[in-house]
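Sharing a structure with you now.
In this document, chain identifiers A, B, C, D, E and F correspond to the written order of the chains, with residue numbering beginning at 1 in each.
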Amino acid sequence: MLKLFSAFLICLVSATNALADGPAVDTGDTAWVLISTALVLLMTAPGLALFYSGMVRRKNVLGTLMQSFAVLCVVSIQWVLIGYSLSFGPDRLGLIGGFEFFGLSGVGQDPNPDYSATIPHQAFMLFQMMFAVITPALIAGAFAERMKFSAFLVFTLLWTTLVYDPLAHWVWGVGGWLRVLGALDFAGGAVVHISSGAAALAAALTLGKRKGYLTEIMPPHNLPLTVIGAGLLWFGWFGFNAGSALGANGLAATAFLTTNTAAAGAGLSWMAAEWLHRGKPTLLGLASGLVAGLVAITPAAGFVSPLSSIIIGLAAGVICYLSVAIMKPLFGYDDSLDAFGIHGVGGILGAVATGLFATTVVNTAGADGLFSGSGALLGKQLIAIGACFLYSFTISLVILKAIDMVMGLRVAKDDEVQGLDITQHSESGYSL
Amino acid sequence: MKKVEAIIKPFKLDEVKKALGELNIEGMTVTEVKGFGRQKGHSEIYRGAEYMVDFLPKVKIEVVTSDEMTPKVVAAITEAARTGKIGDGKIFITPVDDGVRIRTGERGTDAL
Amino acid sequence: MLKLFSAFLICLVSATNALADGPAVDTGDTAWVLISTALVLLMTAPGLALFYSGMVRRKNVLGTLMQSFAVLCVVSIQWVLIGYSLSFGPDRLGLIGGFEFFGLSGVGQDPNPDYSATIPHQAFMLFQMMFAVITPALIAGAFAERMKFSAFLVFTLLWTTLVYDPLAHWVWGVGGWLRVLGALDFAGGAVVHISSGAAALAAALTLGKRKGYLTEIMPPHNLPLTVIGAGLLWFGWFGFNAGSALGANGLAATAFLTTNTAAAGAGLSWMAAEWLHRGKPTLLGLASGLVAGLVAITPAAGFVSPLSSIIIGLAAGVICYLSVAIMKPLFGYDDSLDAFGIHGVGGILGAVATGLFATTVVNTAGADGLFSGSGALLGKQLIAIGACFLYSFTISLVILKAIDMVMGLRVAKDDEVQGLDITQHSESGYSL
Amino acid sequence: MLKLFSAFLICLVSATNALADGPAVDTGDTAWVLISTALVLLMTAPGLALFYSGMVRRKNVLGTLMQSFAVLCVVSIQWVLIGYSLSFGPDRLGLIGGFEFFGLSGVGQDPNPDYSATIPHQAFMLFQMMFAVITPALIAGAFAERMKFSAFLVFTLLWTTLVYDPLAHWVWGVGGWLRVLGALDFAGGAVVHISSGAAALAAALTLGKRKGYLTEIMPPHNLPLTVIGAGLLWFGWFGFNAGSALGANGLAATAFLTTNTAAAGAGLSWMAAEWLHRGKPTLLGLASGLVAGLVAITPAAGFVSPLSSIIIGLAAGVICYLSVAIMKPLFGYDDSLDAFGIHGVGGILGAVATGLFATTVVNTAGADGLFSGSGALLGKQLIAIGACFLYSFTISLVILKAIDMVMGLRVAKDDEVQGLDITQHSESGYSL
Amino acid sequence: MKKVEAIIKPFKLDEVKKALGELNIEGMTVTEVKGFGRQKGHSEIYRGAEYMVDFLPKVKIEVVTSDEMTPKVVAAITEAARTGKIGDGKIFITPVDDGVRIRTGERGTDAL
Amino acid sequence: MKKVEAIIKPFKLDEVKKALGELNIEGMTVTEVKGFGRQKGHSEIYRGAEYMVDFLPKVKIEVVTSDEMTPKVVAAITEAARTGKIGDGKIFITPVDDGVRIRTGERGTDAL
């Protein structure tokens, strides 16, 4: 803490060592990464905020929106102070980054060639920040409509620091053990989606079901909000995936393309699955499917061909549908907005698919997957999936239990009935 | 004075209004309500889960009118609101002791 | 089909011939085209989806949103498999592209100098994809609130393949007969707007009026949605028009500028026309007007001066207003959300205006129009307008009649009364 | 007028002197400035439009949306015809720009090195246009729910021409007296926020309170709209601030970073202040706070370190909260949506903070503030604040009084009760 | 027991509530309704087409009260809701056989 | 015939519907209303200003039924809607002169 504070003081005065001598910044790459960063922010707020809040009941619309916005604020600060350093600071044992970048000391306007030689180090840091922001916001889907806001804030801060930051280091940090192992994760299939999905499952189990779950009808209160959110997610995901090329180049174009086709394929296949299963093609189904496709293509986006991405998308739509419509009722947990069912399941699917479909023809910096003749990658992907899932699930469980003991996770029964908006925030969403 | 209270299908509102207009009924109050009855509802599907929604959107029209006009009003509504299909709705006639026009303080049928 | 499938297999393995030797990619141009591509996606979903769905009655909000999203999914796949090849594949007789690009075979990370020498071929293909996506989505305005969803899906697929792809080839494909002729269409006035407008008219005539049209009041159920859509359309249209410069250069700046002023002018002039005609300036009028201005400037954006664009905008607002408020009731067709009245009429207006206002002072690759002393261009524009309108109108009519015979175009009367949301999708938009 | 018209004719024919010889355009910088321009448009419409319209009562939702959209249309035209020239045309006495750029004559595709050597002059002009657009739209928050639409149009045109254009010249125009003085305003703290805030106060005082103010409950009618707006404002503000670097470089990254952290800090600190003061953390509070943080960082964004930006953000959230929750009721004016309380107060705070926290370590083109050892800058900042506030306040008052005398500013009492939507625009927002 | 049912202009609700409070009326039920009457509606314009909207937003207040209180309640509402302009609304008084407080099962005026 | 009019807490609607179903009551009409009573409201906070909201969301159920059934209906609703906490709501019983089924023109209890 003292260390942090002195780093803070130093930075305040000496600031961001904005020298002008290092490797040259490419303006095109920088423009692309900056706009991609903005796009990923848009995914969280208002994108995900709307996607989720349209699905809850009217009385919880603000509480749900609030979660995404609060995460954005909290993690934006955490990342600058400690998160970036824990994730991307000099390696310690393959497990975590060191303190060197605390308070962004040493993170300036020049490129850091370890991560991106053509854009300002701050631009790389900002792009990564938005990934750290969206991940805990995704988890909130699992415990929608019943978590105390104060507990949520504490959870966000702890989870980001204890789960997200180490995982980001494992997979993306120079020296991180999964990176060294050779597991591929183009834009965060494991770091973002598997980790948030595993935490979501832990949260759904720890918090328990909503009052009235499966006995009362809980239809989405405002599907147009959800659909605006889905549209913004699709739009923003181009920043997420194609931005992960860290430059405006051919690889970015390929990642953009695979992202788009996977989303389209999964939107259609979820719709088709529900049509066959329930007799009607629904808009919420199409929207859920396209998100599932975006999730599944995330780890693979820069490693697979366009046609492979269609297959990944088609599979993601069907499999996530089954996990949500069949598996969830079977086991009976209340993953309210399907954070596990879509991000957990879709993320695992995508990580496996990367092991199957990756090809060095698309990206020489990648690897060849099973269908290009090599099984090694698939093995590494399975290790990465297992490690990320288990680590996130376990630590999330510990954090949640601890918070529950100290301050309680769940709002009072009466408050749940009255809704989060009035009881947690003293506001009403609408007076239409 | 009677209150004639009709619960009808929403898309019939315009026709009922017109029919009442022809009787020189100059005032009515309309409320959006939900009806439950013999007419069956519909199912809705959200993420693979199917729900039965048995409350259907209906419109309630309230017309307070003199005793003499009441049968005519009832007849006019019955005719205008009928489609012949289940769920066309009901009319209830209830007694009204008195009425007041707030603007003028007029009482009874003068208030209508 | 077999051919397609083998092309598919080849691509899956050998993928996107991602070599690194061709003409160099410019990162700035690539950043601009990629973000422009994302912007055009945003125009369709959620932009147009919201613009349209706010105008329908509450009971059809989801059905209307669904159309734009479904088009996005369907055409994203169609374009990758066959659409791009039919539009931009090697020319056949000036009428259609060949099979060479099926399944994106040969469409890789290197530039294709035939179309754009400074960005990856895949980026050009993606940018064009989004144009193919939005065009059929526009048509849906004409038959809002009454078309069967299954019929809509079939229509979208057929129309894109049989109408859009050939027209894109005629106007923009190397060797396309209208391109060879010298007709100018900077960003799709003919390909996108005239073609969708003509199809919209065909659809309005084939499907017939909504039950209650002109006898019942059918006010927009949620104008704020429409206005969010209008704002996103304006924003996205910078990608549509300025992105059509295919680089981040002076021409892009000019196209950006003419786009903005035309939208502004048309928003004001529609508002003023309605104010004079009906006594009140309406928000829906201003929003409709700005879209009309965006439509009209589309073919002209990179060929005319800023001040010309103001004039084009002012004209578009008034003329589209008249077509919607006077012409439509006169003829009595039910172009429900004025897809013909705004996109057809505005597109024709813009193509004519290009023939009048174009000047090589703005763009040496363009041509001089009537007001710069040459009538030749205007003649070519009229040929292009006529050809595109007639082709689209005729084929659309044939497609619609065929679908009607095979599976029926229109929902049952009772379903129309109950609304598309419940009858086609088993969902409700709101439970507020 | 005649002059204007002939300039107009010349431009129409000779157009935008689109030569190809001047200093070279950098594609990356151009891509960044064009997309930033689009982002700032998005801030006004639909961003600010939604932010404001969600807070008014249902009966005024369209009237409030209409104001932002109408400003966008009116100022887009005004700027092309005269505004840009008055602001950035060759200097006259340090006070105003000359007529040289009327009708954009001389504003072409080549860079104008006076302002930006690496992007087309038109791109610079467009970027500045969007600042001129948003500023009067901000003021509308002060007189929401009671101004005549016709009076609003006249006010917008006069205010932009008589207040905004001169102020932009003072601060940013080559030769402008505040620029010469050395006052710093990175992205418009004074030009945009202090000027609109001062005008807002003048407007709140001139128009008087809404009927029922403080006696009736006037809760926001649709907070999700407000929150969508807040999200779009955050997203767009990256264009506003980081775009003000006028290139895709390290400075843009720093401005992006300070913008984000200030928004996050202020969102949290407003929330915390309200939590302490009223017992609940509200979503409207968090959203208001983040906007306050964005306002406060605007003048400082390219001059201060990331950690300073957190402090500025934290301060902005608390101080703007106090101005809105304590100062406003104390004095009793009806600044309906807190245009003065957030933009005026936040803008002043930011300009002062620039004088305190600025450091040449971050930006050598900047200056050192008090905490880097030099008090001179702070003095200049205070002069700039005073001059901009007083000029805007005074002229705004004069304009408003004049309009009131000629045509009346305020709608009739009955119209206020019935709402702007029906009485000014003959429309209803919803029929849900 | 009587039910006093008043249809008033929405912005008068607060004043009426206050006036009833002064009579120690401690309960009421309020519904948003649409009224049709002598007060003319307004026109709306969508893309150049003009519609007449003749249903106006009104608020219905229902107060069940004892027979003795009824005239006072009627008087209080009449006074508080009056603007003197057309469309001020109506009050209807209807008989109530009995009332129950669900929480306690109390009956009659005790239930109020 | 009587109209039984119950104002209850919204989340009790399903239980009340079920209880009525057990009595073979096949029709009812439901309206969203706002209630003011002994149950206190909640405060809302907007930009530091605190408001008391004393109107609470309630649901009004109307069931028209025969005189014989009326006590049973009242009892069923009372039981199903009770939580024992303040604000559970009221039931009012009012006389109905006649009813009509619009579809068939049936009258009286046949219309139900």
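Basically, a contact is a pair of C-beta atoms (placed from the backbone, for glycine too) under 8 Å apart; a residue touches a chain by one contact, two chains touch by 3 or more.
All values reported here derive from a predicted model rather than from experimental measurement.
Listed here as common contacts of subunit D and subunit E: C, F. Graph distance from subunit C to subunit D, where chains that touch are one step apart, equals 1.
Across the two candidate interfaces, A-B and A-F, the one carrying more C-beta contacts is A-B. Subunit B and subunit E touch with mostly distinct residues; of the residue numbers seen at this interface, under half occur in both copies. For the pair subunit A and subunit D, the distance between C-alpha centroids works out to 33 Å.
Rounded to a whole number, the gap between the C-alpha centres of subunit B and subunit C is 46 angstrom. Between the Cα centres of subunit B and subunit F there is a gap of 18 Å.
Averaged Cα coordinates give subunit C a centre that lies 52 Å from the centre of subunit E.
Contacts with at least two other chains are made by residues 31, 44-46, 50, 53, 94-95 of subunit F. Along subunit D, residues 26-29, 31-32, 35, 219-220, 222, 228, 248, 278, 280, 282, 284, 426-428, 430, 432 each make contact with two or more other chains. By the definition given earlier, chain contacts exist for A-B, A-C, A-D, A-F, B-C, B-E, B-F, C-D, C-E, D-E, D-F, E-F. Subunit A makes touch with subunit C in their complex at residues 26-29, 31-32, 35, 39, 57-58, 118, 219-224, 227-228, 230-232, 234-235, 238-239, 242, 247-254, 256-257, 260-261, 263-265, 267-268, 271, 278-284, 286-287, 290, 304-308, 310, 359, 361-363, 371-372, 430, 432. Those residues of subunit A that touch subunit B in the shared complex are 217, 219-220, 274, 277-278, 280, 282, 284-285, 288, 321, 324-326, 329, 338. Per the touch definition, subunit A reaches subunit D in the complex via residues 8, 11-18, 20, 25-32, 34-35, 37-38, 41-42, 45-47, 49-50, 53, 61-62, 65-66, 69-70, 72-74, 76-77, 80, 103-104, 108-110, 119-120, 122-123, 125-126, 129, 149, 222, 225, 228, 248, 424-432.
Taken together, the subunit E residues at the contact with subunit B in this complex read 2, 6-8, 31-38, 55, 58, 60, 74, 77-78, 81-95. Partner subunit D is touched in their complex by these residues of subunit E: 11, 14, 42-46, 50, 53.
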